[in-house]
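Letters A, B, C and D name the chains as they come in the text, with residue numbers starting at 1 for each one.
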Amino acid sequence: MKSDDTLRRLKTIEGHLRGVIRMVEEDAYCIDVIRQIQAVEGALNKVSAKILEDHLNSCVITAIQGEDMGERQRVLQEITEVFDMANRV
Amino acid sequence: MKSDDTLRRLKTIEGHLRGVIRMVEEDAYCIDVIRQIQAVEGALNKVSAKILEDHLNSCVITAIQGEDMGERQRVLQEITEVFDMANRV
Amino acid sequence: MKSDDTLRRLKTIEGHLRGVIRMVEEDAYCIDVIRQIQAVEGALNKVSAKILEDHLNSCVITAIQGEDMGERQRVLQEITEVFDMANRV
Amino acid sequence: MKSDDTLRRLKTIEGHLRGVIRMVEEDAYCIDVIRQIQAVEGALNKVSAKILEDHLNSCVITAIQGEDMGERQRVLQEITEVFDMANRV
């Protein structure tokens, strides 16, 4: 199951984030906290790319091969939007 | 023509970048230079999103509706790759 | 306390991330999951900027006003590094 | 001279960007154009980090060691701002 892998990765990231919270509670050095936050973001980026890959190989193929032009347009538009957003976060 | 719009945007960005080079030559304040570089990057992100949008609405639709499974796989894989890269630059 | 604000923000983000995990468990629409992950990343970026701001106004000032040249160099180098990394995640 | 290095890098990037424009004029494959734009952005990020490094080692040290509290505050605030922006482009 593909979403099992996504779920497992997200739970690992949740654990990582809890570790960051503990660091702040224990008054860790600022730069070390920032580096760990950046590591969490790097891991989130990888999960996003994985989810997009699964999405392209399922919903997007179905929509493009289907008859519904509006649906096809909507699905392609969403990909442009998340790509645009990826450039900004 | 869609690519005329892309071309015009890229040439505007080239002019913007030449402006940044002039700023450095004239020894402008560092932070102002960084801000202009960030503005150039923002504009490049917008062009990328535009090119991807055009690509989705042409090559990707053709590939997914075609018979060639390898080609379809290749086209979808590329989108995941540029999305992943967008998260990193 | 400045770190109370950081802590509160991070705990809110942890709650947000748990919401994303629930979405995946309930098989939510891929693009909605990606958008929520991007929102989490946006919030993490804001916390990072806040932590850096606090760091600049404490450790960095102390180091630069101190006598220890090695320490000063180290502190400034770290800022360049997290800035460079910020460009990449 | 540090700014000679910055200038040389920016001119190389300008050449790279002109190459991208040529690719679009010659109707190159969309994904290849996007990849080259991302490479340009990666190079711009490196220049930004370099300029910030030089700035930290000159203006920022001067401001923090000076008597002018307003100036010091301004200089530190600017760094937070470009860091915050770096997270977004």
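Going forward, contacts are C-beta pairs under 8 Å (C-beta built on N, C-alpha and C of every residue); 3 or more make two chains touch, one makes a residue touch a chain.
Just so it is clear, the model here is predicted, and its values are computed rather than measured.
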Copy pair subunit A, subunit B: interface residue numbering same or different (half cut): same
Selected pair, greater C-beta contact count between A-C and C-D: A-C
Centroid comparison with subunit C (C-alpha atoms), farthest chain: B
For subunit A paired with subunit C, centre-to-centre distance based on mean C-alpha positions, whole Å: 17
For subunit C paired with subunit D, centre-to-centre distance based on mean C-alpha positions, whole Å: 21
For subunit D, residues contacting two or more additional chains: 45, 48, 52, 79, 82, 86-89
Of all residues in subunit A, those that touch subunit D in their complex: 87-89
Subunit A contact footprint on subunit C (complex, rising order): 3, 6-7, 10-11, 13-14, 17-18, 20-21, 24-25, 27, 30-31, 33-35, 37-38, 40-42, 44-45, 47-48, 51-52, 54-55, 59, 78-79, 82, 85-86, 89
Of subunit A, residues touching subunit B in the complex: 45-46, 48-49, 52-53, 56-57, 60-61, 64-65, 72, 76-77, 79-80, 82-84, 86-88
